[in-house]
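What follows is a short report on a single structure.
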Amino acid sequence: MMGKKDLKTYAENTWCPGCGNFGILNALMASIEDLNEEDGIEPERFVLASGIGCHAKIVDYVNVNSFYSIHGRVAPTISGIKLANPELVVIGHAGDGDAYGEGIAHLIFAAKRNINVTFIVHDNRVYGLTTGQFTPTSPTGFKGRSTPKGSPEEPFNPLELLLSAGATFVARGYTAHMKRLTALIKAAVRHHGFSFIEVLQPCFTFFNTYKFYNEQVYDLFDKGHDPKDLGAALEMAREWSYGMDGRVATGIFYQVQKPTYEERLLGERIPVGMNPGRLEAVLKAHT
Amino acid sequence: MMGKKDLKTYAENTWCPGCGNFGILNALMASIEDLNEEDGIEPERFVLASGIGCHAKIVDYVNVNSFYSIHGRVAPTISGIKLANPELVVIGHAGDGDAYGEGIAHLIFAAKRNINVTFIVHDNRVYGLTTGQFTPTSPTGFKGRSTPKGSPEEPFNPLELLLSAGATFVARGYTAHMKRLTALIKAAVRHHGFSFIEVLQPCFTFFNTYKFYNEQVYDLFDKGHDPKDLGAALEMAREWSYGMDGRVATGIFYQVQKPTYEERLLGERIPVGMNPGRLEAVLKAHT
Amino acid sequence: MKELSILMGGQAGDGIRQAGNTVARLLNRLGYRIFFYDDYPSLIRGGHNFSIVRAADKKIRAHKENVDLILAMNQETVKRHRWRLKAGGEVIFDSGKVETQGIGLPFKEILREHQGAPIMRNTAAIGALAGHLGIDWEVVAEVIRDTIARSKETNLKIARTAFENTVDSGQKIDRAGAPAVPLLTGNEAIAIGAVKAGLNMYIAYPMTPASSILHYLASHEDDLNVVTIHPENEIGVALMALGAAYTGARVMVGTSGGGFALMTEAVSLAGQAEIPLVFVECQRAGPSTGVPTYTMQADLSFVLHSGHGEFLRVLMAPGDVEEAFYLTALALNLAWKFQIPAFILSDKHLSESTSSFEGDPAEIGPQPPISWDGSGEYKRYRQTEDGISPLAFPGTRDAVVKVTSYEHDEHGITTEEPDEITRMQGKRLKKLEKLKSELGRQELVKVYGNPRAERALICWGSTKGACIEVAEELDLRVIQPLLLEPFPMNEMVKALSGVKTLIDVEVNATGQLSSLLATKGIKADRKVLRYDGRPFTIDSLKNDLKEVL
Amino acid sequence: MKELSILMGGQAGDGIRQAGNTVARLLNRLGYRIFFYDDYPSLIRGGHNFSIVRAADKKIRAHKENVDLILAMNQETVKRHRWRLKAGGEVIFDSGKVETQGIGLPFKEILREHQGAPIMRNTAAIGALAGHLGIDWEVVAEVIRDTIARSKETNLKIARTAFENTVDSGQKIDRAGAPAVPLLTGNEAIAIGAVKAGLNMYIAYPMTPASSILHYLASHEDDLNVVTIHPENEIGVALMALGAAYTGARVMVGTSGGGFALMTEAVSLAGQAEIPLVFVECQRAGPSTGVPTYTMQADLSFVLHSGHGEFLRVLMAPGDVEEAFYLTALALNLAWKFQIPAFILSDKHLSESTSSFEGDPAEIGPQPPISWDGSGEYKRYRQTEDGISPLAFPGTRDAVVKVTSYEHDEHGITTEEPDEITRMQGKRLKKLEKLKSELGRQELVKVYGNPRAERALICWGSTKGACIEVAEELDLRVIQPLLLEPFPMNEMVKALSGVKTLIDVEVNATGQLSSLLATKGIKADRKVLRYDGRPFTIDSLKNDLKEVL
């Protein structure tokens, strides 16, 4: 049995006071505890990975296996981990700059392949660690340090993109709703396939969105949304287009069961346990 | 006035006999001629760019300005050209490996920004020049040289992705329907914003899809599709999911008017014509 | 030399850099020359930041470990830095937060009195500092007005109260007499150097310590007539830049090692297609993410050899703000004249430290490239005697401008013929001759200290700062190549003449300059290397040199 | 030396490579040693392809310009290659397509007779060739059965008809006596070398001339127990590979220069995080897209210095199929033992040419890395005497395995403290000592030709092939470093002993090996360079050497 104490490292937490990341950290630790207790997943089977940015520090704070990767590359990193050993439970943490800017190609392909990992985006809609530039989900006109006159781009909607790319589990959480976020993470890990959670994570310092979310966020579950309905999922996703107005739905937008990438690619094989093949016959055929 | 003769270079054409690329080349040259004649676009204002692959050879064959770029990078190449001089008419040619594999990030962002260029994908659903591997639009189970046991991935639907990314002009053409393809290219160039044309381009050698398309392709125009209706566009896009069955719509799926990226970013400025700024006042503020 | 060092310390979010900047400006207005080092970890709030402002009555390019004054915004500052205090030095501190000996003022109360925001604690500190140093209030008020953008009046009141409540130490700081000059970071100098050479577009994806070039140019777009773009990633940056340069815009891109890695494919494309582009690489402590807000000079070999295949390039390594300015302008002009990629290698220490800028921008301007004269058929890759094919841009009547990543003929059409391949590779490499003679007119290797000393330090980039002062003290020679590719062999031989002992000083773990020198047959006798993310200070270098001299 | 060269030429799509392969097998079964060069442009149908199969009664690694026989599938082949024909040589041709002197057969009619597909024209050519050389039909039939996958019987009939219709030249080719050995391309040798050293996964994005490693392993997944993956791009490749290696899978990736450029950020990550990974870089003619199906050795400097920051690496350059096999296996074992990135530098000429493989795979196996013994607290980056921290993988009980791109402490938690930075960089670089002593047990520099000759050719990679035979003829020494980093200084000094004139032979425009040698104080007296995309042949090298000897 794991306790919260075992799950913490000695690393000093350097997020700003009030940062939304604390909510994700707490929800993650609670999820790991529960998954250990309820599903019997041994501590050593958890592997976290992260990109670079404020969000990414999370792996330093949690005392389980981790790969602190590079900016934008969470998806291939966790894909490699999962494919080498499909028995591991792999959770990726990425920023919005990380996942939607630098790394969007990989994210789309992870979804397309339906690889059985969980991908959590800490979407503060700003580059935090590099001190406040606009990202793909910042609202048009966002005045960041690279766009002091306001961003000249409309945000895209990551939920729509991920749904189009073929993701089989698409959800949105909010850091201030810790319990619900924990439930989402657990559902994502339990989902057999690629699970995507976009977490609304206010950046206290560069883009304080608490007030807006506190007023506008509601839960799809309360609305009786059917996550098996792709059309409804798309409609709900499109309800809010990442501006600074309108209602913002959270919860599981879409969930469907499909064969996973590792099943299709590996079948029964587990690469870390494979023995070298035998050359004799192959070489013979070359004479 | 330009003639077909002026538009041809001396480069020897090295596409395979029967290759769908010939249809695109002919439609492109016809479009340039027409745009010159009908819209008065001077020959020197056309700029083509391409990635790497069979498709990319097209720039060697057309006697206008061109940038034969690198694999996957057509979108940023044409973006740079357009932003440096918005008076140019810029057309990008990419392969499906090129645009949807290596370069998908750039393509999504070009659409998101609504930069006023035309992007034509020669989608043969295979890597032609590297001798036949599966691409993001190959059907599941495609037996290519990197997947002799069949591709373990489902294709994604580029039209859906591009619509999600915010493209303002989304169309599909077929190389065997030259006249319609020419009309699409002209409409795309005339569209004020990012125009995306996915062209079904059979690869005679590695993935001969002529028979399938000849039987299944139909035109949205004939169906009375309203390209202003995003919902209908998505529905039509989803009608065919890049397998080897079902009806395949061509024509303009979606078209809408929005401010372009260069309008928002540059305003009246034309970078190639700008004079160096004056330092005095700026330096004074540093004392 | 009359000099003064002041350390400010506090948490991230306390505005330590901003405070340092204000102090630097104060001393600048008093006629001092400034070097201002900023030390901060990779976090946004909390942790420990400090700045050291050093001022002197002559040009300086480095800081010292010891300081005359400490402005402590928190206890941590005293704990970490008290050892630095020289005899007779003082700590000025927020008595509400810090317990120590020295000059304590109740910053919180002062702020409350004037309804100031918490960040204005450092305005109080500056007021106190000015009072302690006996600086005229007018100077203080003027600097505060000029540097603080918001709530000027509140800040002035806070500074005034602190100023008046601090006893003049009697060690009144004199005016040093020289006129105030602009204070620039290395990155600002790079930015304005490029602007002076005709920069039209700056394209970059944020990455410490290069981001401030983007921020600076973005916030001065209209003053400086530059378009700035922040695209989706570094590959997009480099390819957009090449597209724009092909079209005729003068473009520069900037990043650090990890971002530059993603541009190396484009570097090779620039080489093959002969498209002019300036890459600024601001080094930080690696490998990989490494220690992102700290300094290192460990990307020299990487940048020097970046890109597959063989092509011409220019690589320059400025060591101070004047060089950052001139060399960036030169890089842009050379890139365009020779249609090649050019590289400016900076590092966190140069890019983010602030110095008095004594260059003369009026000297510099954009040099026109060699352009098509409009006669005959246009061939983008025309074979010419010196290898330079005249440029034309899309939109030019009667010119069809075709560039390509493939090997090609004169028109830019793909070729696979062996003779054409040899000829075209020959054409591109041939430009070296003219490039060398063009470069011959520039100062490529600098010599400082005692130019006749038999013991010489050799260094590159920001490390020159500490080297020069140490050399002056220890009667050494300092040799600093500004150009690293093509290597300025003649100038280097001249600079080395009479040297018996050559000591390589670098902020990296292997001595990359000495490896480069070795390819030229020049052997460093000893290496003094530092690779803990910190630059050499004058003291630390002197100390390290003890062991090898 | 008994030898025979045969050229096959035709269009892309004519199956020229396949025909060459069958001819090579025929001669292999007759006991000859083979070198088989394949020349093709970057297109799928049309153009001009040709293959030269050279067979001899001793090991050979290069081809010659002149040939004994030409199999011409089209007129172009005769036009381009007739000059190559030695006195007494013959052209065997499709009389329906080609007009020339020699042995013409109506391939079309033969195909029609047996209802063969157009591609089977080359089966007819092979039958004719065998008839001409008086090869026993049984051997021909066996080879056709073994090499042609589809429609075996039709092919046999076609070959038989052509065989019988060709007059035996009387110059019957003798059996050379040696037993047949496997014929491998360099890429196949790389693939099986890795497999022998325990490869679990091969991850790659297609790129000529590396793609055939992917194709080969993908088509042998089940025989060789390897998982192959073709991801979205090269960045994805490298990061997936690092994720998998962290998890305990032995992984290799492969690409060419432009794709490798995209992996350089990951190279640096491997260095910082100490993750073992083998990168195969198959060079082609650059810069940029260049001449993608032709050869060059111009990425040495790039790969050697790839990745920002400083870290240990191993770089090896095999020059023939045996070396490709052994060095790849060694690279994988070393990468795992030392937890570092290792590089295999090949080129189109090695990767895609086919040779008789005379290595002994039984000698090679996977060497276990240094692993955690399960006692005490697991620290991924434990400080040890030799710098190697024992490995554990996720899924190991009681081990928390944390790797990171940041500078870090022993547990893998981020650090920014100067002392820890120095210690950790020291730890990583310290591994060099043990690596060197481990490497000391291998053959790192080869010497061929006359080992006492005062005139020596120095070369690397596939260029050795031509060098060796030329040296044997001209009484020269040949020196070939297999390892380029860490540089095998002692072995090189030994190999150079007594050399008065050192001639650098490379397939590039600047002489990158000679630059590397210069950093070690070794100066090449002359350079013989070729950079038209073609490898040196024995004749072309001899010719070029005339000017410098």
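By letter and in written order, the chains are A, B, C and D; residue numbering begins at 1 in each of them.
We adopt the following convention: a contact is a pair of C-beta atoms (placed from the backbone, for glycine too) under 8 Å apart; a residue touches a chain by one contact, two chains touch by 3 or more.
Note that this is a predicted model, so its numbers are computed, not measured.
Using the mean of the Cα atoms as each chain's centre, the chain most removed from subunit B is C. Contact count check for A-D and A-C (C-beta pairs in contact): higher for A-D. Between the Cα centres of subunit B and subunit C there is a gap of 41 Å.
A straight line joining the Cα centres of subunit A and subunit C is 37 Å long. Averaging C-alpha coordinates per chain places the centre of subunit C 43 Å away from that of subunit D.
Residue numbers of subunit A whose C-beta contacts span two or more other chains: 52, 68, 70, 104-105, 109, 136, 265.
Of all residues in subunit D, those touching 2 or more other chains are 41-42, 232-233, 235, 258, 265, 269, 273, 288-289, 404-406, listed in ascending order. By the touch criterion given at the top, residues 104-105, 108-109, 112-114, 136, 152-154, 156-157, 160-161, 163-166, 234, 261, 264-265 of subunit B touch subunit A in their complex. Across the complex, subunit D meets subunit B through its residues 13, 41-47, 204-208, 211, 214-215, 218-219, 221, 228, 230, 232-233, 258, 288-289. Those residues of subunit C that touch subunit B in the complex are listed here as 25, 28-29, 146, 180-184, 188, 192, 195-201, 203, 220, 223-227, 229, 231-233, 235-249, 251, 265-266, 269, 273, 357, 361, 365-366, 393-406, 411-414. The touching residues of subunit A, when paired with subunit C in their complex, are 14-17, 52, 54, 68, 70-72, 101-102, 104, 127-131, 133-134, 136, 145-149, 205-206. The touching residues of subunit C, when paired with subunit D in their complex, are 41-42, 235, 256-258, 260-262, 264-265, 267-269, 271-273, 283, 285-294, 296, 298-299, 301-302, 304-311, 404-407, 415-416, 418-419, 421-422, 425-426, 429, 508-510, 512, 515, 518-521, 523, 531-534.
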